[in-house]
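Below, chain A partners chain B and then partners chain C, in two separate complexes.
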Partner chain A sequence: MDWIQILSNTVESILSPVTFAFVLASLGLAMHFGFAGLLNFGIAGFMAIGAYGYAISVLRFDLPWWGGMLVSIAAAIVFAILLGAPTLRLRGDYLAIVTIAAAEIARLLFLTNTFDDFTGSASGLFGYHDSFRAANPIPEGTYGFGPFTYSETDWWVRIFALAVLAVVIWLLWALSRSPWGRVIKGIREDEDAVRALGKNVFAYKMQALIIGGVFGAMGGVVYALPSAVNPTVYVTSLTFFIWTALLLGGAATVFGPVLGSIIFWVLQAFLTNVLPALAQEGGILESLTSQQASTLRFILVGIGLMLIVIYRPQGIAGDKRELTFVK
Partner chain B sequence: MSNSEPVKATGLHVGEASPGVAKVDPILKASNVTRKFGGLTAVNVEHVEIPRGAITALIGPNGAGKTTFFNLLTGFDSPDTGTMEFNGKSLSGMRSHQIAKLGQVRTFQLTKALSLLTVLENMKLGATDQAGEKILGSLIPQIWRKQEAEIEKRAEELLRRFKLYEKKEDFAASLSGGQRKLLEMARALMTNPTLVMLDEPMAGVNPALTESLLEHVLDLKKEGMTVLFVEHDMHMVRHIADWVIVMAEGEIVAEGPPDQVMKEQAVIDAYLGSHQETDLGVVTGRIDIIDDGEKK
Partner chain C sequence: MQLSKTRKRAVSVIAALFAAIMLLLALPVSATADEVGTEFDDRVFGNVKLDGESLGGVEITVRGNGYEASTVTGDDGRWVIGVPERGAYEVILNEETLPPGIAVVEDGGPIKQIEFGLTGTVVTNYFIGEGERTAVGLWPQFFTRLVYGINFGLMLALASVGLSLVFGTTKLSNFAHAEMVTLGAVVALFFASLDINPFLGIILAVAVSGFAGFAQDVVIWRPLRRKGLGIVQLMIVSIGLALTMRYVFQFFIGGSTSQLPSLGGESFKLFGTLTLSTTDIASMGISIVVLIAFALWLTMTKTGKATRAISDNIDLAAASGIDVDRVIRYVWITASALAGLGGILWAYFRPGIKWDMGEKILLLIFAAVVLGGLGTAFGALIGALIVGIMVETSTLILAPDIKYVGALIVLIGVLLVKPTGLLGTKERIG
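So, the complex of A and B:
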């Protein structure tokens, strides 16, 4: 077994755009679920809208890269309003059902042949990189050390993603420690009590849904930025991976989702590399093909999620005192 | 109870005290309000007025419709028919937070403490017109820091009054049931209301604290607020209420000053029972009858 290669691949995932996309999306979920108590099971839908919004505007409407991102943000706002308007006055579980369904509807609309001219249906979208790469200030060449050695294009994607991440983290942090954040947390605890104090609960929930949704859409943009838009990515299991990352780190925290997403991807990368190698070497995984062994990681993720929810429901970064009161 | 008898407000009504009697200066009026749950008519109030600047008790047997009526008055439920007016403003079609903004704040029978907020955060949430509660304003602390400090000071004063100051950094979830009642009431006061509606504020609060809570309620009146409360403790009702409204099966069956109302046969039949001055043990036959002379 080539341990050097395995470890190098594992460490490399820390700076991968996919990890950053997960961080952004799980920060969006933290706003939704951790702070406002909104059960959004459609975060993959927000990501799809971000990715497609960007790629379609650049490819089909010749917008510059930043124009495409603005379109993504606007589309996420519209999507959030569409989801929220009929459901936010109802009990929390309605939002859960509507979001999970809406994310599937969005995905199927992107997948169907009907809009092939725009969405590329099953083959997705690619080749929208020119505008973004043209804005790259880094001179040509390879930079970095060890596993973190990238071309100027790869660095540009990563630096840009990190900048977006910094803004989003600051926003979430500033909002959560403000009086606005206090109202949002109050709504999470008991919205009738907050209503009785004269706060427009519906408007606050809508604001939280929009902000978290925009974070999710930016996650989708970052996911698509270095590669292509592939419709098989934005499935329901993506939503649940992001939930896993969120719960792992701590839902009602700002740094929890960051930590959770990184741990999630580092573990994924490690298992993806190590399980097939183990299967090849024989031993306990001898009877598995390397493909089966690599699928085993999803079983391990599921077990991990169960263990977190049972033994550390507030997540790694959560406040210990909260554990005592989890319902 | 307290050493000095509270000063009772009198002359609140116009004419004979009877269900639906007009008040000299009503703060809240409700007419023909009904609310049905399936076949059950939970509330059927022909007309009622709540006097301003006084303490009014709403009493009645379990299931009489008191809480439902509270919900209707505060916009947490909408009536099937009828109109309601607060300070001369119609409440029809208004949502609960809009009604609260008018200065009509309530507490809940099943206490609603915001468990994973600290006691102090619970209090601060009550303050109205906070610049930092607006989404854009919240991002710039310079806008709300000063107001926040003022709110914190007021919250701490109230917490001292309600004997919760030591707990201010604790999660509300760690409070006892009675302490949560206190917190909810204190939080409601943070909104600077003109009408305070309390649904069983004393349930589960120990006698000594009940006494000081009574003082708080009386203070509210002194500060010019109007109080409407639901309570099953008749001592408390007698002690602090200026006016008593009795509900039974959704209807208002009697109203008047406490001493008068509690003597009415309808109230005794529907609610108090004929043994209210007698020890429960006597009523149930578990202890021997003590003659009246000995009891006094």
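So, the complex of A and C:
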């Protein structure tokens, strides 16, 4: 077994755009669930809207890359308002079912042949990179060291994603310790108490939903930046994986989602490389096909999610005193 | 079919209108002319000819395995439809698009059942000549869809009443319930591979599903109830369980679609385009019998009454001497066995067993349960029938690949307008 290669692939996943997309989306969920107590199970829908919003406006309406991103953000705001206006008064688990259904509706509408001219239906969208790559200030060539050796395009995607990430982390951190953030956390702990203080609970929840939704949409954009928009990505499983990453790190923290997403993807990358190798070269997994061996890692995600929620609901970085699971 | 002249005209006007609407809806599809689904490797194709002359503009639809695509033949009479996987499909030729007086003249009419063999292509051709058409006007189509919808709704009902009971007694929105649907089908597939009598295999599979429900309660849910986990935490645990089970299924049966052995029997052409096989009819019969038995259990037996008492008020039920844990255990067994049976029937209805088949209908199950009223078993039954019929009949107006959207919109709408559902009692849920 080529351990050097496996470890190199594993370490490489730290700087992968998919990891960054996960971090962004789980930061959005942290805003929704961790800080405001909103059970949003439609984060994959926000990501889909971000990705499609960007790709469609660049491909079909010839907008520049930054215009596409603005469209994504606007679309996420509209989606959040549509979703939130009627549902934010519902009890937690009802909100979960509504958001998961809304995300599924969005995905099916992106997938259907009916809007093929815009969405590319089952084949998705690709070839929208020219404008973004043209803005790349890095001269042509290959840079970096070890596993982190990329072309100028790959670096541009990563640097841009890191910049977005930095802004989002700063924003979440600043918001969470602002007066606004304290009201939001108050709503999470006891909605009625905050209402009794004369705050407009609905408006605060809506603001939280919009801000988190925009983070999620930027996650979708970052996911789409290096390659293509593929409708099979934005399924409910994606939502569940992001929840796993969030709860692993700690929902009611700023650092937790970052940590959780990175751990999630480093583990995924490690298992993706190691399990098929174990199956091929004998050892404990000898009797498995490599397909079966790589399915094992998703089984582990499911078991991991159960164990986290039961035994450490506050996550790695969380504080047990912060009630993230309101009864 | 003898129709008076005026009625015939009316029917053809309706049919033409309908065809126009369908054409309008199908426009983005037919814009690509005679080939659709070219992103897939596996193809169904054919050549529509009348007495050696190629026929253009004939509409062909391929449906099955949750996939549906239509195309219109080119001037050379050719059509190609790509499909996502090798499996069993239904190929339908729309006779309305044939020249006047021309119809499909072979047994089975314009609908053919095809199945992929070892290669990635299937040729499907029709014998076309002068003859009497199978009517595919609006009403026959609607009627066909209605019957399919009832069939689908009954299967959904088997899955939904269980979810509703579990919610009623434990307040758990169980996202892993759809995996019990898959489990039934997968276990039936396992028994089929042992070459035992298929009917015995189905009964055993239902028994295994029931046992899985029992095991779930003993290993996971009862300890967690004791631990006092909140409803949100329990819900996320069920999501974790759903992910685990789903990928365990994939681990064992892979990513492809498998088939249960045919139960024999034949197809009956009943009305217009409505063709039902013995299996379809038997499956509807089984669903109805089982659902009635379930209803009797719930209303007549002591355990059934205790179940409803717990759904109404758990503390009061416990105080009046009901063994809550025991009843909840029965609820888990019943719910899982019913879901498993639903999965087996569904595998016959939409031919094929796939590791994520349950996930595909999870939200429809939720829609049925919510529509009927969370926690009310009879509500779930009615909700499931409505959702099933709605999903199937909506394809008359909507493109088939967004037929679930309607049901999901209803799900959201009901939660907003009347969160207690059709049969639910008033409760503060805001």
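Keep this in mind: the second predicted complex is superposed on the first by the 319 of 327 C-alpha atoms of A that agree within 3 Å, B and C clash if a C-alpha of one lies under 4 Å from a C-alpha of the other, contacts with A are read in each partner's own complex, and residues count from 1 in each chain.
The working rule: a contact is a pair of C-beta atoms (placed from the backbone, for glycine too) under 8 Å apart; a residue touches a chain by one contact, two chains touch by 3 or more.
Computed from a prediction, not measured in an experiment: that's the story for all the values here.
Novice: Applying the document's definition of touch, where does A:209 land relative to chain B and chain C: first, second, both, or neither?
Specialist: neither
Novice: Of the partners chain B and chain C, which touch A:200 in the superposed model: first, second, both, neither?
Specialist: It touches chain B, and chain C stays clear.
Novice: So, does A:174 touch the first partner chain B, the second partner chain C, both, or neither?
Specialist: first
Novice: Does the superposition put A:186 against chain B (first), chain C (second), both, or neither?
Specialist: In the superposed model, A:186 contacts chain B only, not chain C.
Novice: Just chain B (first), just chain C (second), both, or neither: which does A:63 touch?
Specialist: Neither partner.
Novice: In the overlay, answer first, second, both or neither for which of chain B and chain C A:123 touches.
Specialist: In the superposition, A:123 touches chain C alone.
Novice: On chain A, which partner touches more residues: chain B or chain C?
Specialist: C
Novice: Pick out the shared contact residues on chain A: the ones touching chain B in one complex and chain C in the other.
Specialist: 325
Novice: Which residues of chain A touch chain B once you look at their complex with the stated criterion?
Specialist: Of all residues in chain A, those touching chain B are 171, 174-175, 178-183, 185-186, 188-190, 192-201, 207, 252, 321-322, 324-325.
Novice: In the complex formed with chain C, which residues of chain A make contact?
Specialist: Touch residues, chain A against chain C: 39, 86-87, 89-94, 96-98, 100-102, 104-105, 108-109, 111-117, 122-123, 236-237, 240, 243-244, 247, 291-292, 295-296, 298-299, 301-307, 309-310, 313, 325-327.
Novice: Under the stated contact criterion, what part of chain B meets chain A in this complex?
Specialist: Residues of chain B touching chain A: 74, 76, 95-98, 100-101, 105-108, 112-117, 121-122, 124-126, 128, 130-135, 137-139, 141, 144, 148, 171, 173-174, 184, 187-188, 190-191.
Novice: Given the complex with chain A, which residues does chain C contribute to the contact?
Specialist: Contact set of chain C toward chain A: 25, 28-29, 31, 36-37, 39, 69, 173, 220, 224, 227, 229-233, 235-237, 239-248, 250-251, 254-255, 359, 362-363, 366-367, 370, 399, 401-402, 404-405, 408-409, 411-412, 415-416, 419, 429-430.
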